[in-house]
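In the two complexes that follow, subunit A is the common piece, with subunit B as its partner first and subunit C second.
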Partner chain A sequence: MANDSYDADLIVIGSGVMGGLVAASLAKAGKKVIILEAGPRVDRREIVETFRNAPVKLSLANAKLQGAGSPFPSLPHAPSTYGDYLQYEGPVKYNTSYLRVVGGTTWHFGSALWRMIPNDFKLQSLYGRGRDWPIGYDDLEAYYNRAELELGVTGLDGQDESGQGGGPMPPRSMPFPMEQLNSSYMFKTIAEKLSVGGFNPVLEPHGRASRPYGRRPVCAGNNNCNPVCPIGAKYDGSMHIDEAERHGAKLLDNSVVYKIEAGDDGKITAVWYKRPDNSEHKLNARYFVLAAYGIESAKLLLISTSSKYPNGIANSSDQVGRNLMDHTGISMNMLTKEDMWPGEGPTELLVYLNQRDGAFRKDYPSYKIKVRNTVPTAQMTEGFIKKGLLGSKLDAEIRKYSARSLNWAIDFEPLPLPENRVTPSKTKFDALGLPVPVLYYSVTDYWNAGRDRGLEDLNKIAQLLDAEVLSTDVKWQNRQHVMGTTRMGDDPKDSVVDRDCRTHDHSNMFIAGTSVMPSASCMNPTLTGAALSVRIADTLLREI
Partner chain B sequence: MPPYCGFFESPSVKAVLFRYSSTARSVVIGLFAACSLVGTVCAQDASRPQAELIARGRYLAMAADCAACHTAPEGGQPYAGGYGIQSPLGTIFSTNITPSKVNGIGEYTEADFARAVRAGVAKDGTHLYPAMPFTAYAKLSDTDISALYAFFKNEVKPVDQASRKTELPFPFSIRASMAVWNMLFLSNERFQPDAARSADWNRGAYLAEALEHCSTCHTPRNLFMAEDTRSALSGGTVGPWSAPNITSDKTSGIGGWSDAELLQYLRTGHVAGKAQAAGPMAEDVEHSLQHLTDADLRALVTYLRGTKPVASSDKQPRYSFGKPSASEASLRGLPGQAPAENGFHVFSGACANCHQADGSGNAHYPSLFNNTATGADNPDNLISTILFGLNRTVDGVPVFMPAFGPDASFTDRLSDKDVADVSNYVLSQFGNAAVKVGPEDVARVREGGRKPFLALAAPYIAPIAVVVAVILLVFIGLVVARGRRRVAPA
Partner chain C sequence: MTTERDKTGSPMEYALRRRDLLRATVAVGGLATLSRIAMPVPAAASDDEAQRFTLLSEFLTGYTLDPVLGARYLAALAKRNKTFSSDISALQHVVEQSGVANMDAFLALKLADPNVMKTATNIVSAWYLGVVGEPEDAELITYREALMYRPTKGILSIPTYGPGPNGWGPKPGSKI
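Let's look at the complex of A and B:
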């Protein structure tokens, strides 16, 4: 329990899903918990209204590419990643976007919540690529269950999520907490047409409620998973923050942590944070959990330098900030000859995982093919008007394209490369005088091989759907899946945290989030991060 | 939160029971006598096949909606109690009525059971609070009591789990006061069929008055919280919720509903263009009404059609207000700082996603016009729905509206002012524009609704009693002293 000389039993840096899970768990056990969040609290209805009032309504990546911004606030002390906050270096632009608000980036995630499959943990030993995890699927299975219950995952039991159309995979000891949503007309039609070509349809497990789940209503198919679920049917991290606060945790918003301090014995002694007025504050605790997103967590460790820790905190291995990964992908737009009606139901559900696992992984990366279920009407219409279409011709084109244009995308498994990394800028600083993150990113021929193989699949899909290919984008699309920057390993010389997510260098500090993933698979990483966070909470409950 | 249902026992008041007035004692003795009669009747019925009796009891228990209060929400064991019923006098916890010998009614004879259900007195003599609708159940026939007893004894799984003790504040903590209350307000008469009416009507009357206990919520209560039978079914309050007038009155009641609409409402809790069941009525539909046979539901409709019309203050039927609103186009994008606009902004951000910007709803969500919650002459159900949400599962399909009150996540929680503003926007655009809501109304609903006289008077009852006692003592002292003085010279 809290000793008088400590401000808290546990300080959690970052109020997203990862920090929220740990904070709620510890607060429920009666521990004194303080959560520090750089950004402000937001109200759902205000975000919804800002989005509604915005003239441009696009998916996350497009919104950023076109400078449309985000309905979430951008404040001088916590600038939005949609603006010019992030700096990019290297051959590939790591054009990501995450949210600096209470509840974190899951506010705008599509809510895919996949488990990895057992082979994903053994990439090096099975296929000679990337890195193995120090733990395996069996070590995480029970925590996947608990994370699925915590986040409220909707899924289809008995599916082969390795994409081979076989028996249940990965093995599960618990059914999904909620039954899968009904498939829309488009998903059903596509699944039928592609099965002829050997594409095994898989329905994505996700965080949208299919029955009332706690306070969450049933997903109504608003098709608005990002930037914000207007009815709170989709999970986001604010829900665990709310639970933590109800159990006594204290949340300090607009509190930007800029320094972590360690003593001579290696233990973390305090964190320093700044308020928007640039005032500096210090807090200490028995334990610390860093859960500030793969980019901010790495940056914070790297700027926490001192004479004893010249490379920053938790960085004796020099791996902090390195091995930055993302499911860097490609996409293709196509026009079918019959109406498909994208836009009914949630923004994503149907995926193809034929290339999720196999001996090919020594030659090209594992990948996931998805069809986006977003509404293309506004974007299409803008194009038609630019072309000079008017009146009934315009109407006819809108009708045709809104019903028939499909967007397909592929996410590839990246390799951890030491040169791909997050560093604090030496030249650019935010309003508090803190360096902004610089992201260096590149891909290898392994990714290129995947791109070529993936394009073959997309063309085959166009053929099977009898669709005309409208455009193809192979320019390293960012998927906003940050991984690798504080990686896990048994050897303190080449990893940042151990198999329990405890930093090798500081026995009372853990890192929660997808940044600990040594390899990435090709699947959305949130649930894996959440399972690891539940596991961290268990460890903390034994020690505090 | 159905406010009224439950058995209650509290050993702490047993001592008080011995201080009964002789009148109360004779009432209790009378009840004992009545119960022994019941026992005789049951003995005769024992010849009926037991399985049929139990099946009948199962249906009756459902029609009487025992489970709604006697099963704790979110995974409570069936009939093991523990549901906190919000009464205006404090939270009353329902008891374990499984046949557990330790914590339930395992040791109850049928006579004990009958006395508890119909007279509100537990086996050990403690009085039940009228959260248990024994004034309605008093009308249950002996044969139905037998069937219920057979069901509870033989089919309900015993659960050895004590339910939470009810601890109402003084003076309501004195359960013996219920003896006096029962003397005044409890009729020990069984249901008497009306020979002048159809069999269907009589069945409906029995269902409504004895089993479904409609009057428990829908009949207004007097100063002592007893039902005011002169204006039966003309509307009452149930904690924060308002139970509307359901008499046959064309304007204030259900006189303007078709038979088919009434039947659908009882069966599903929803009729588009009329009303939807929330709060305790949603629980009743979920646990009880949807499971009734069509014949019984039709009988209920026949009965409701034939009740004495009682007019309330409504000028037009509650469901007849409003139309789609076009204000979206003129208000969209405005700054939202002006007081009148806040209601629109809350509506647009928190309500319009489901109920649609023009308020007309869709196949899954009710319209906000032609809706009794927005057309009523008091805003309690509108405010309650916003604060507490709605949850009703019919035919296995949940109907759910999230709460925007204290249970909501901080990201969705609305202040009293926000609820008042959005209520006023909704009332002015879609409902009864004459009704206005202030933050103080929202605060009142948040705190459990309109307080009855007894609850308001509670803090003064003890001091008044003390003052009266002191005056009495002084008076007695004076009389005695005078007497002594008079005696002294002798």
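Let's look at the complex of A and C:
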């Protein structure tokens, strides 16, 4: 327990899923926990009403309008990333969007919760690409179990998630906490038609309840997982923050951390935060967990400079902010000749993982193919009217394209590149005077080779479905999967945190989140980040 | 904030009375009223004007429409376009002159000049998208009642208004 000289046993910076898991675990064990969140608390009902009443919805978002397209608040001290908050450099625009609110970005995530497979941890030694992890699948398996229980994962037992149509993969010592939801008509129809061509369907494991789970009701197919589940059937980080608070953790919202201080012995001594009125406050604690998302966490470390730490906190390796990754992707729209009806049920995905693993990874990246299951009406109608369609023809086209237009997308495994990075802006500042993040991003010929191989698959899929290709987009679509900016490794010279997610430079500070991932696989990283966060909590419970 | 506990004579109650009146009038009026449409609509549209606009919109879209929404669409469109009242008068005139029974027949005649068709398209766009204006000044009139969701009603949900647990799976009974 904290004695009088500490404000808390543990300060957690960031109130998303990663920080929430750690905070809830420590609070339940009776530790004194303070959580600092830059943004405000939000209320689900208000967010749903804001969404329904918004003239510009996500799918129609005009990126130039600050905050437009997202029902979550944009405040001067915590600006929305929908708009011009993030600055872009480099050949590829890294136009991600995360949320700065209590509960974090999982409020608007699609809730895909995948495990990595064993070979994903050994990319360099198996295929001569990227980096190996200092730990392997076996080290994480028990933590994947616990993360799945914490987040309430729904999945299909026995699937080969390596996409080869074989036995269960990866190895699991526990069944999924909840059974998979029933498949939509589109899933069943596509699975049947593509199996002829050797494509093995895999149903995505995800965070929607298929039975009452804790305080969550069963998914009702509202098809609005992004930007907000109207009924709280889908997991989001606010659930662990609520749990932490029920066990005595203190949450300070609208509290923007702008400086982390370390003493001469390397231990972190304090964090400084600003309130919206620009007043400055200081807190100290025995331990610190930085869980502010891969972009804000890196920015905060880099701006925490001092004479002893001229490169910022935890940055003796100069790797903080570097190796920024995303599952940069492509997509193809196609029109089938019979009705498929995408958009039934939740926005869960049917995926194809034939190219998830194999010797090819030395030549081109692993990738995931997915077919979107989102009600498409709003995206198409404006275009039809602009084309001059009126009368019964307008309705006929809306109906036809709603039933038959499929959006296929591919997510590729990126390589960690030191030049792809987050830096604090030297010229643009938010209302508190803090620099906004600048994101430099690029891809290599490795990605290009994946793009070409992926396009072959998409064209083959169009053939198997007897579909007409309507459009193809190979312009580096951002998948909002931020990874790599505080990477894990055994060598303090080329990594930021060790295998326990403890910063090499500061023994009482850990980094929680997908930013610690040294390689990315081609799968959504949230569950891996969550498993690592559960593991951090165990370490902290042993030490505090 | 207006609440349902507002007392007699409150804006809420007035709005409800006006809503009933508008709906009742349109119900008995029908297309016959369309031929009696008066000339220029002032900026602050009267109930009569809202009813006429709604009837014109019913012709343009082929749907039975809510006159309360019609009044709101009319106000939002007129606010953004100074010539809107004369524009719809011109459109109404062409529609009346054509003497056709529905929008498909009207389109087949290819009578209208581009400006008149632009007015028709703007009105249809508003009712279908539920939104009036450009992103910078866009105004939502209705989400759930936007006409674009009608052609797939009963098959696809309007996001946030789902079918309930396990309300999907079998082949949707549909023909195109």
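In this text, the second predicted complex is superposed on the first by the 531 of 544 C-alpha atoms of A that agree within 3 Å, B and C clash if a C-alpha of one lies under 4 Å from a C-alpha of the other, contacts with A are read in each partner's own complex, and residues count from 1 in each chain.
As a convention for this text, a residue touches a chain if its C-beta (ideal position, glycine included) is under 8 Å from a C-beta of that chain, and two chains touch if they have at least 3 such contacts.
Since the model is a prediction, treat every value here as computed from it, not as a measurement.
Participant: Touching A:185 in the superposition: subunit B (first), subunit C (second), both, neither?
Facilitator: In the superposition, A:185 touches subunit C alone.
Participant: On the superposed three-chain arrangement, identify whether subunit B or subunit C touches more subunit A residues.
Facilitator: Looking at subunit A, the partner in contact with more of its residues is C.
Participant: What is the contact status of A:65 with respect to subunit B (first) and subunit C (second): first, second, both, or neither?
Facilitator: Only subunit C; A:65 stays clear of subunit B.
Participant: Pick one for A:466: touches subunit B only (first), subunit C only (second), both, or neither.
Facilitator: After superposition on chain A, A:466 lies in contact with neither partner.
Participant: Considering only the touch criterion stated at the top, classify A:491 as touching first (subunit B), second (subunit C), both, or neither.
Facilitator: neither
Participant: Is A:378 in contact with subunit B, with subunit C, with both, or with neither (first, second, both, neither)?
Facilitator: Second partner only, subunit C.
Participant: Could you say whether A:84 touches subunit B, subunit C, both of them, or neither, answering first, second, both or neither?
Facilitator: A:84 contacts neither subunit B nor subunit C.
Participant: Please work out whether A:222 is in contact with subunit B alone, subunit C alone, both, or neither, and reply first, second, both or neither.
Facilitator: It touches subunit B and subunit C both.
Participant: Contact-wise, after the overlay, does A:56 reach subunit B, subunit C, both or neither (first, second, both, neither)?
Facilitator: Only subunit C is touched by A:56; subunit B is not.
Participant: By the touch definition at the top of the document, which applies to A:339: first (subunit B), second (subunit C), both, or neither?
Facilitator: second
Participant: Once the two structures are fitted together, what part of subunit A is touched by subunit B and by subunit C alike?
Facilitator: 48, 52-53, 218, 220, 222, 230
Participant: Which residues, counting only subunit A, touch subunit B once they are in their complex?
Facilitator: Listed in rising order, the residues of subunit A that touch subunit B are 41-46, 48-49, 52-53, 103, 211-212, 215-218, 220, 222, 230-232, 238-239, 241-242, 245.
Participant: Per the contact definition, I'd like the list of subunit B residues that touch subunit A in the complex.
Facilitator: 332-333, 336, 345-346, 348-350, 353-354, 364, 391, 398, 400-403, 407-412
Participant: Considering the complex alone, what residue numbers of subunit A touch subunit C?
Facilitator: 48, 51-56, 60, 62, 65, 68, 181-185, 218-224, 230, 339, 341, 343-345, 375, 377-378, 381-382, 385, 388, 390-396, 398-400, 402-403
Participant: In their shared complex, at which residues does subunit C touch subunit A?
Facilitator: It is residues 60, 62, 102-104, 106-107, 117, 120-121, 124-125, 128-129, 131, 133, 135-136, 138-140, 143-144, 148-152, 155-172, 174, 176 of subunit C that touch subunit A.
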